[in-house]
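What follows is chain A paired twice: with chain B in the first complex and chain C in the second.
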Partner chain A sequence: MLFSLHFSLPPAITPLPFKPLSHVPHHHHTLNMLPSPPVLKSPLCSTMEHFTLNHHGKEEGLDGGVEVDQTLPLGLRRETMPRHVAVIMDGNRRWARSRDLPVRSGYEAGVRSLRTIVELCCKWGIKALSVFAFSSDNWFRPKVEVELLMSLFERGMQEDTGIFFRENIRISVIGDLVKLPQALQELILNLEETTKNNTHFQLIVAVSYSGQYDVVQACQRLALKAKHGHIEPSDIDISLIEQELETNCSEFPRPDLLIRTGGEFRISNFMLWQLAYTELFFAQSLWPDFGEAEFLKALLAFQQRQRRYGC
Partner chain B sequence: MDFTWPKRMLYFWIDKVRNIILRLSWHLVHAIIYLCYFTMGTVHALESHLISRGLLRKYKYLHISKINYLAIVIESEDACRTSSVIELLQWLAALGIKHVCLYDNEGLLKKSKDLILDNFDGAVLFQDNHENNVLLDQPQMTLEFVSFSDGKEAVARAANVLLMKYIKSGGTGSNWGEQIFTESQMTEALKTVGSGGPEPDLLLIYGPARCHLGFPAWRMRYTEIQHMGPLKSMTYGSLIKAIYRYTTVRQNYGK
Partner chain C sequence: MERLTGRLVQMYGNIVSFLRKCIFYILSVGLIPNHIAFIMDGNRRYTKRLNLMQGAGHKVGYSALMSMLKYCYELGVRYVTIYAFSIDNFKRSPEEVQSLMDLMLDKIEELLREESIVNRYGIRVYFSGNLKLLNEPVRLAAERVMLATAKNSKAVLSICVAYTSTNEIVHAVRESCEEKWDEITLLNSSGGYVPDESDHLIKVTDIEKHMYMAFAPDPDIIIRTSGETRLSNFLLWQSANCYLYSPSVLWPEIGFRQFLWAILNFQRIRFYFDRKRKQL
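Then we have the complex of A and B:
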């Protein structure tokens, strides 16, 4: 799924951040409304003196890990960046069909897009990214396509292992993994084990996953705990269920922002429990076309919202 | 001859003129962007008005039969606007929607249930007794009122039901990976605790944030979600547009 992640960090010239003069309210009647325009402060001077030169160098951290200097693009605020972003990567096949390409090309383009988003997340301080790579419903797709996807997962994980270590990325895979080919299962277990101490960023890949499955397996685990006397049946509550969900592998189990590409406005059985207060962003572009500009739009929309988390 | 002073003055004025031009360009770009967004906002408002009047042919004939079950999520701050809720229900009834689920996180709509039913003619309380997941065709609109307690809390209660059944049956599963519960069993358990209910085809969110605020997650696997903005800004035209958009959607269900 991930091919040769390459984090190139050249020196960059970035303008001073502009502060908005006033908040422009925006009215939403449908999800297709564009967000309000950014209010920009005019520069005092146009000369190069007012641009800062940032060198995105790599510095060794105290723990020996690699620290990367991060600069946010115009308009984004670090203090309100989402900690956990979830993505439903929809539109690979339509992308390929629209270009008269085989389906494989669509998925490979999707991999490149994922690589870009992972890189941006690392650069912009997002701590976790969950991606809906393969739904439990996807098993009903043509066998050839399913095998193609399994081989893409396997190859991606093998090829990017070095990158995960170099960039201090932790990999977690959630879903009903027993349905996966044995070799892939072993690869996943090995990768999870060897990256479990990486702390800079976590990539959670949902494979053979469904939100209902996640809830059921959590209840199952609690039932077995009760059977073995670890908990009382009457102890089962929301908090205990949340602890058993597969997303509990993350320090931030509940996504702050969900992005779905492909123009569809639904969550398709992804993280049903976890998305209760998640900001939903439905992008029109197909996943292989979802790049930095679109991601920035989603993050800006997130930062402009008033979220009350049910309070 | 000393050319230093005139040269410096020349550079000074070049810089000044350049700054003025750049600043003017900046303001011009800013103004153009604002104008674009203002125009788009006006166009949307006009479109909504035309849709409300039935003047746009595209929206005149809606395939309402595609919507078996419609859910409305209202932010709790707006949930006390009972008159607006009733107006919204009247619009839905006029469009031919037969089954509606009203949700707010804190259960304020549940508390106002009697008031809403009294003031909205032609609606009865939803009874979750449909067979084989087929909603019964009724002459009156059915209204279901749900809150946070029907979501995650209900799942916790349902989990308890499953657990008690499992223990009573003398469950032999001791392998942590073995499947002892199924999704169907959870669905049945939720019905047992009174939080069954069908999966909505379309969910309309009225509130400032684009999130479903804890709507019963078990029931929204493939539900289309549309954010409509604050309840106080609701318009008939935007409602029609959202429903129209849903009726044009084609789902693959992952296949």
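Then we have the complex of A and C:
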């Protein structure tokens, strides 16, 4: 896909050239090239009827707060924004350890980071964000830590319920939820039910999830259908499996971009099937340090990629 | 004069080979990956960049492949998998697809020769993928090679043709369902128990045993050249915990340097990974 050559407004700065997986450990440097856009932080729940790509950060007067021009940071193009971004939020514990803080502080800082990224996604027109909150493999961590994480999930969901409603955010939780504490399960089901008609943005939280688990559970459902005679085993194809994957709760089940923080170069059993054509971006910084600058860097890199899908 | 040049070239080759073996000897103090997979991306861009004839990039890519296989097997890597042709690649122009098929047929037949790399290193060859999608000459050649190398046991080369991971999983699921279907039918007819709703008919192990890649362990490293960082529907299931390395060189340009870097990083990461696991 050729990038749009008809782009009339030249960016004031050239985006950083993307260095694919440079193995020389490069130190996290802040993207200080951006002038701070003189735009009012627009309320997230405003109806964004049309978007104007406005490089000079013009702001429109808030006319009763109904329609506000959304602006993207310099360099980002609206037409090639990923619709669905997935994140592996790695590095919370290392972050805490490097500051001589307890592990709990690391996770709490991670939650704050997540809130920032959700806000940015809403602002920049990304429709869905999937986060790998808790892997099937994480059940093997020390019991104390697992309980801490469960209580953090519960607290996070309770505290942010108001925000989800205000910002028109739909929450979906995917994973093997039967392993979670009962109270948390109920909270999740309730939250999913009450936010299911929200349309502005979808946050998909993967808890007790793994890519292999997702494919296996899809297959089990198909096997059951075959057993009851609804389908023949020979009917099973790619689309039937995709319908049964847990990501079918989203309009965009396949992420366009996967970001993994923390410097590791692996998928760690996150959404395997759905990542078939996803662009992968490995960030060196730890998750609590992953803010607007780093996210922008990842999106700019994504927009420079040429996606051929085998052609 | 020419004989002297020839001798010098040969001597140079021998010295390089000796040095390489020394480096591999040192590397084998650390962990050697058991399985390396390659996504050979960048052949067309190489052709374009050097203004070569159509298809030349793939031919140079083939010799790059032979070098990489040599390094792998010399180091002691037991399994090597290459992404030769994806099902998605059938979407390319018919001329391009045909020329790739012709090249593949040519190279597959070369594998059968006495002096080929498979005999030198005792390699067993597998062709993984939906081989029914291939034209008959290529499919027959592939089957001949698989048969001819079936007794080799020192190492394994897995060539993914007409392959995508999603197709592999669909195929495995279908086979698992059909197997269970037959089992249940048999049990029912003989008055055996009927499994109830809560029974998990299909398990991970059922699916895994029907995968095209079932003969190999999961890869330790996946190397994709040309700087693209995506899996493109390659070994999705098997890459759950695999180290992904994405050098910016185009496939025909890949060499010893990138190979060495991949191994060193693999060893460093594995060391950290194992230490982290021990800490838990």
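Points to keep in mind about this one:
One rule holds for everything that comes next: the second predicted complex is superposed on the first by the 242 of 311 C-alpha atoms of A that agree within 3 Å, B and C clash if a C-alpha of one lies under 4 Å from a C-alpha of the other, contacts with A are read in each partner's own complex, and residues count from 1 in each chain.
Definition applied: a contact is a pair of C-beta atoms (placed from the backbone, for glycine too) under 8 Å apart; a residue touches a chain by one contact, two chains touch by 3 or more.
Predicted, not measured: the structure shown is a model, and the values here were computed from it.
By the touch criterion stated above, A:197 is placed in contact with neither chain B nor chain C. When the two complexes are superposed, the chain touching more residues of chain A, out of chain B and chain C, is B.
Of the two partner chains placed by the overlay, only chain B lies in contact with A:138; chain C stays clear of it. Legend: residue contacts after superposition of the two complexes on their common chain; A:233 is shown touching both chain B and chain C. In the overlay built on the shared chain, the residue A:241 is in contact with chain B and with chain C. Contact with neither chain B nor chain C is seen for A:182 once the two complexes are overlaid on the shared chain. The interface of chain A with chain B overlaps its interface with chain C at residues 140-141, 210-212, 215-216, 219-220, 222-224, 226-227, 233-234, 236-238, 241, 264-269, 272-273, 275-282, 305-307, 310. Put simply, chain A touches chain B in their complex at residues 27-31, 33-34, 36-37, 39-40, 42-43, 45-47, 135-138, 140-141, 178, 210-213, 215-216, 219-224, 226-227, 233-234, 236-238, 240-241, 264-269, 272-273, 275-282, 301, 305-308, 310. For chain B in complex with chain A, the residues that touch the partner chain are 15, 18-19, 22-23, 26-27, 30, 33-34, 36-37, 40-41, 44, 48, 75, 105, 148, 151-153, 155-156, 158-160, 162-164, 166-167, 171, 173-174, 176-177, 179-183, 186, 208-215, 217-218, 220-229, 233, 235, 237-238, 241-242, 245, 249, 251, 253-255.
Those residues of chain A that touch chain C in the shared complex are 19-21, 23, 140-142, 210-212, 215-216, 219-220, 222-224, 226-227, 233-234, 236-238, 241, 264-269, 272-273, 275-282, 305-307, 309-311. Residue ranges on chain C touching chain A, taken from their complex, read 86-89, 91-92, 164-167, 169-170, 173-174, 176-178, 180-181, 184, 197, 200-204, 207, 227-233, 236-237, 239-248, 261, 265, 269, 280.
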